[in-house]
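What follows is a pair of complexes built around chain A, which joins chain B in one and chain C in the other.
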Partner chain A sequence: MRKFSSGLLLSLVAVIAFTFVAVDAGAADTIKIGFNIPLTGDNPDVGASSKNAAEMYLKKNPKVTVGGKTYALKFFYDDNEYKAESAVKVSTKLITEEGVLGIIGPQSSSQAVPAGEVANNYATPMISPWSTNPNTTLNRPYVFRGCFLDPFQGPVIANFATDELGAKKAAVLYDIAADYPKGLAEFFKEAFEKIHGAGSVVAFESFTTGDKDFSAQMTNIMMTGADVLFVPQYYSEVPLIVRAAKEMGWTKPILGSDSWGGGDLMGLCGDDCKGYYFSTHYAAAGAKGATKTFIDEYTAAYGKTPDDVAALTWDSLGLMVQAIKDTGKLSGDIKADRTKVKDALASIKNFPGITGNMTFTPEGDPKKCAVVVKINDAGKFEFFKSVCPK
Partner chain B sequence: MTVNFLMQNLINALQWGSFYALIALGYSMVYSILMLFNFAHGDIFMVGAYIGLGVSLGLLSLFGSGAAAVLPGWVVLVLTILISMFLTAFVGIIVERVGYRPLREAPRASAAITGLMIGIILETANILFLGGSRLKFPQLIESVTYNIGGVYVTNKKIMIVLVSIGLMLALHQLITRTKWGMAMRAMAYDYVVVPLVGVPMNTIAAMTFAIGSALAAAAGILFGLAYPVLDPYMGVSFGWKAFVAAILGGRGSIMGACIAGFMLGFIEIMTVPAIQIMNRLFSLNIGSNFRDLIAYSIVLLILIFRPHGLFGQAYSAKLRL
Partner chain C sequence: MDETLAPKQTGGIFYRVGLFFKPVPLLGYLIGFLVCVLWEQLAGEGLSSLLGLPKMPILFGLLTIFKVLAGIVNFLIKGDAFHWARLVEIPMALVYLTVIYLVPLALVARAAVKPANAMARYLQKFPLIITALVQLGLMYAVLHVWAEVSDYRLIFLKLTLIAVLFTLSLNIINGYMGEFSCSHPGFMAIGAYMSSLFTVGLFASDKVLGDAVFNFSAAYLTFPLALIFGGLMASLCALIIAIPSFKTRGDYLAIISLAFLFIVKSFFENMQALGGSRGISGQPDWATLPVIFITMAFGIWTINNFVTSTMGKALNAVRDDESAAEAMTVDTRKTKMAAFLFGAFWAGVSGGLLAHVLRYVNPAMFSVQKLAEVLAMVYFGGLNSVYGSIVGAVSISLLGEALRPLEIFKWIVIPLLLILVMIYRPTGLIAFKEFNARQVFGPKEVD
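Here is the complex of A and B:
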């Protein structure tokens, strides 16, 4: 027994020593990037998409040259279990134990908001690819994001309705009891009335979560003679609203937001939703150039079309690496280097991402174009137009 | 505000009211026989819709759909309604046998919460077996929209209202013209004495649940045609509102339940245009989400002035159908 445990102890010591040696040997010419992603828990698909995109990136770009010196990239994937408290622990561990230069993730706002606090306190640059909540980056100079925010999406749709559809009067139907639709409906109204004057949103009709019948609201909307209907709702309500609109004789365009892209919209809506538009982060169908290359390679490697999480993770990683290159030279002092990367990130201009060109605002939110997709006759979300902030 | 606008809302209200009326009937019938409300009834409506979904998908795979269809869509629809009503009737019988019969002599409160528990069991069983994601109800008949002088009506809307009224008339015939109906009316009149003269209490109770559940299944299928996204909790708030209709109609009154169901649909739908008219007249800014708050305040007012509902009896120890 005694002999056994001393043997165990010896081998443990050996392993630990070896690890330290390995880390030490590697520290000189590796750049470590941490991933704070949900590999288990309620939303493992999000974690899987993030990891797939990251591994594909690493395979294509195993080395980075900064100021004439070549470094090997090393990624750490840590599971936040789709929980806020785990996300905080993961970020702390990545920063204090693994000594990463920067962090990608968490993806969802519920984890990105608390984890962003940790990254900012430890002065470590973090990019959340997918979090749309303003609080993730608010007053946190070290925290950035890869996607647009809801206050931007509202104007995008208002501009699209104006320029592309020639709308002068708009109607909105939204769930007043849920934060996302309510916020977006108000941002749209503000933007549309800025273009067309007060009162140009002729109907601002609402309902509460769980309602199934929208015939009364649609009858009101029909009376106003609106040119376009904006529905910032989720896939479970959109089919019912679209049908209520058609039954009341609505033949004009209907516009949606990025929430249309989540869940099984086409399975529930079928032919009813074809021909309508919504704004989103990127469109897989009908993509061109670098975006198409990414989609083809991803599909070949993993057997499925990359979702917006994968595409945004790819771009966030690209931003991080670009910022590291932009520092000009890494000093080897991890704390000083983190601050240099943060400063480089903040000054990135027109980074060519597959989800659009990005420039960060002082808050760490990218100024980037949104994609408007059209639901085509085959029921696919087809790229229609890229709408940029004015 | 034109005539068209009012007509359009009236038609919408007729469809919406049909569902309340069909479901309220189930509450009312059970109350008249057993003197208790079956609070699982909203969830039986949900089960009926899901059974309808399964039956229609089965029929479509059997007889083909689209261009390869052997049977026209409306035949499949009629078959779906009939088969689902039959199957859901058994769900009602099982609920009565398992949940209510053992508790018939128990305190009222125990029997009342039975329904709540059965409701939760039905909802969670649905989530466990079907995964909880929303399902699309197949649209068995092609939707056609008619524009009658600026008022839009779909073939489905007309069908839903006609089928509902047809089912209500059939129920009326059953209760007034058949021996079983007479037994039900007798039981509703006095459930202590009538069993003594040989009317089988258990059979009548099971039959009442079966009929109420079959009507809920029909409502579920029609609901699926009008609002094709099914979810496991679709029966909860809808069931409560139909329960309001049953009380508003007068506890235990069949005709009251029907009329109150349509009335509730009317109040709910018409509140939205009424809000808009008020907003225009007095330049207010009230949202249409105030619908339920205003609609149910009106219902509360009606009950304050008519506490026994529209057709209820003042002293409800004895009731009639």
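Here is the complex of A and C:
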């Protein structure tokens, strides 16, 4: 027994000595950034895209120089399971346990709204790349977002339908149960009716998440004689709707929103979607400069074109790192540094992102241009027009 | 043959440990835990840096261990770089757990047997409520000190306590009454929305619900009213399930209740006055740890009284054989009605708490995923048992948090555990065990 315990003690001492050597090596001079993203749950593609973009960023820029001192970047990926409770837990954990300087994510509004509350309470800068709910950043000085908002995107599409397609009567088909499509559908309706007068949106048809049969709604839309159909839906639903429309004999244009660009739209929709337009954050086909470099490198690394989640995560990360650089000097006191980063974020002007130049409004929402793309005959999203806020 | 009998005769390690702790009353454990958490506040930081841990282990070292394991898994599968020196964090986390929790708990609990028993015996002379209050106060003190160390612990603890109450409220229907109800997240949603309507509508300015109606500083005192309002609305809606349950049983009732869940969800999605799919945010920050603890303790107390009353025994009779129960003059309709309404009430209250912890509520939170989670807690912990619900909710919450670094493998490990539990203990870990408050809080007499 005695032999055993002295052996145990000796090995313990050895192990402790070993750990000291190992841990002390890399602890200092790192900048930690947390990722609150859905790696499992209902929407793992979103989490995977975010993580891919972040890993690629880290590979390209492993070090950051702030005020003459070089820091190693360190990323913490934590899974929020696409659940609000988990997003709150993850944000608290990243802030209090990992001691991150800033947080990227959550991507979807249902998690970004409660997680934004946590970030703001702990005075930690957070950028949600993809959340469109106004409540995410409302009255929260520490919370920012990387994408344009629906009140801007709605009029872009309404103007496009009027100017380029000459539409006078529009129909809308949207998912009433999901936050994003519903909001956008309403903004589009408002903008279109402002141009053409009340009642010019002749059909405002809805369905519920998971519906597969759209024939009833399409029949109504066909009867109204609308010139254009607006479908602010996700890539998985768009093919079903487009096919239902074609079966009913719809030959006029169909317009989409930035959600068309997330995921594998062309793989699911094939030839049916060619020739339609949608508004989005950037156009992959025919991109130039930094955007093209990003797309090429991403495609080479992961074997697929980056979706808008990946592009927006990349830009949000770029914004965060730029703000850290702009602070001039990090004091090492994490609480003071977080506030400094927030102030730097708020004062960033014309950040050259791959999804366009960005400047934050006082609410933490970016002012940036939207792009209207056309799905060309090769199935690529081709740049058609750029619309900037006035 | 010999081996199966062996533990009792020669005294296996578990048996001996059991014997060692047999005379310790709950009060002794509480004192032990209090010493542990205070000891952690004093020595935790120092010890963890002495052990070379990057940060104080927050969930009894579990999180530290699984983070390292996740690193190994990623190394094996994706070839990510793994620092082999990190491997020592696993034994170090265990050392931490032993030094901070296990050893002091064992020593203090065992050493305090005599005074603790004497005190418990003394307290027993008073009405049960006083004994209970003293020990619950001590329990709260333990949790409070434990959660003080880190805000992550605090949010984890809050959500776990809510999960305990929610699980127990489902256990009334699925465990004690033996029906399979899928409607519970729906009740929770109603409670969450209605209490938010109460607090946000009356006391906070919000875009969806308009300006505050009342504006006084002691408004948080109305929070119990908000929770009760949420609970009552949930039980009102539970009538939709309770009435069909008179004539429907088993799978068919399960389908009706599932339909109810979808009705509730799409109701809130389409209800623009309540924010639709965007939900309501900006709930006042009233769900603090003491509020949640008191609500949970009160909930457990009333639920336990309910299921041990005549009405509770009638529930069991209905579960075992409805026609026999009817023949023995049990009013089955009244019984079922009471069970559904009572279960829904507490589900509504836990929903109200959840909404005020997250300070946000939207319909997507109460989907089938939530249902799967709470069913797992009920069946993992054990049917027909208060202990079971507590154990189930706490262990699933703890596992969910500890296994988070494993990402997708978490969803292999937890279901696998559930399958194993279902094979070896088909009714759950601690099923059909009555919770006798007098015995729990009282002294342990050693023979």
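We adopt the following convention: the second predicted complex is superposed on the first by the 244 of 390 C-alpha atoms of A that agree within 3 Å, B and C clash if a C-alpha of one lies under 4 Å from a C-alpha of the other, contacts with A are read in each partner's own complex, and residues count from 1 in each chain.
We take it that contacts are C-beta pairs under 8 Å (C-beta built on N, C-alpha and C of every residue); 3 or more make two chains touch, one makes a residue touch a chain.
The structure displayed is predicted, hence computed values, not measured ones.
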Could you tell me if A:Thr65 is touching chain B, chain C, both of them or neither one (first, second, both, neither)? neither
According to the stated criteria, A:Ala177 is in contact with first (chain B), second (chain C), both, or neither; which is it? both
Which of the two partners, first being chain B and second being chain C, lies in contact with A:Arg243: first, second, both, or neither? first
By the touch definition at the top of the document, which applies to A:Thr219: first (chain B), second (chain C), both, or neither? first
When the two structures are overlaid on chain A, which partner does A:Thr208 contact: first (chain B), second (chain C), both, or neither? both
Chain A residues in contact: does chain B have more, or chain C? C
Go through chain A and flag every residue that touches chain B in one model and chain C in the other. 176-177, 208
Interfacial residue positions of chain C with respect to chain A in the complex: 50-52, 54-55, 58, 83, 85-86, 88-89, 91-92, 95, 150-152, 155-156, 159, 207, 266, 269-270, 276-279, 281-282, 354, 357-360, 362-365, 369, 401, 404-405, 407-408, 410-411
For chain B, which residues are in contact with chain A within the complex? 5, 8-9, 12, 15-16, 133-136, 139, 143, 145, 147, 152, 154, 157, 227-229, 231, 233-234, 237-238, 268-273, 276, 287-289, 291-292
For the chain A and chain C complex, residues of the former touching the latter: 12, 15-16, 18-23, 27, 39-42, 44, 78-79, 83-85, 88-90, 92-93, 95-98, 109-110, 113-114, 117, 122, 133, 135, 176-179, 182-183, 208
Contact set on chain A toward chain B in their complex: 176-177, 204-208, 210, 212-213, 215-217, 219-220, 222-223, 236-237, 239-240, 243, 246-249, 264, 267-268, 270
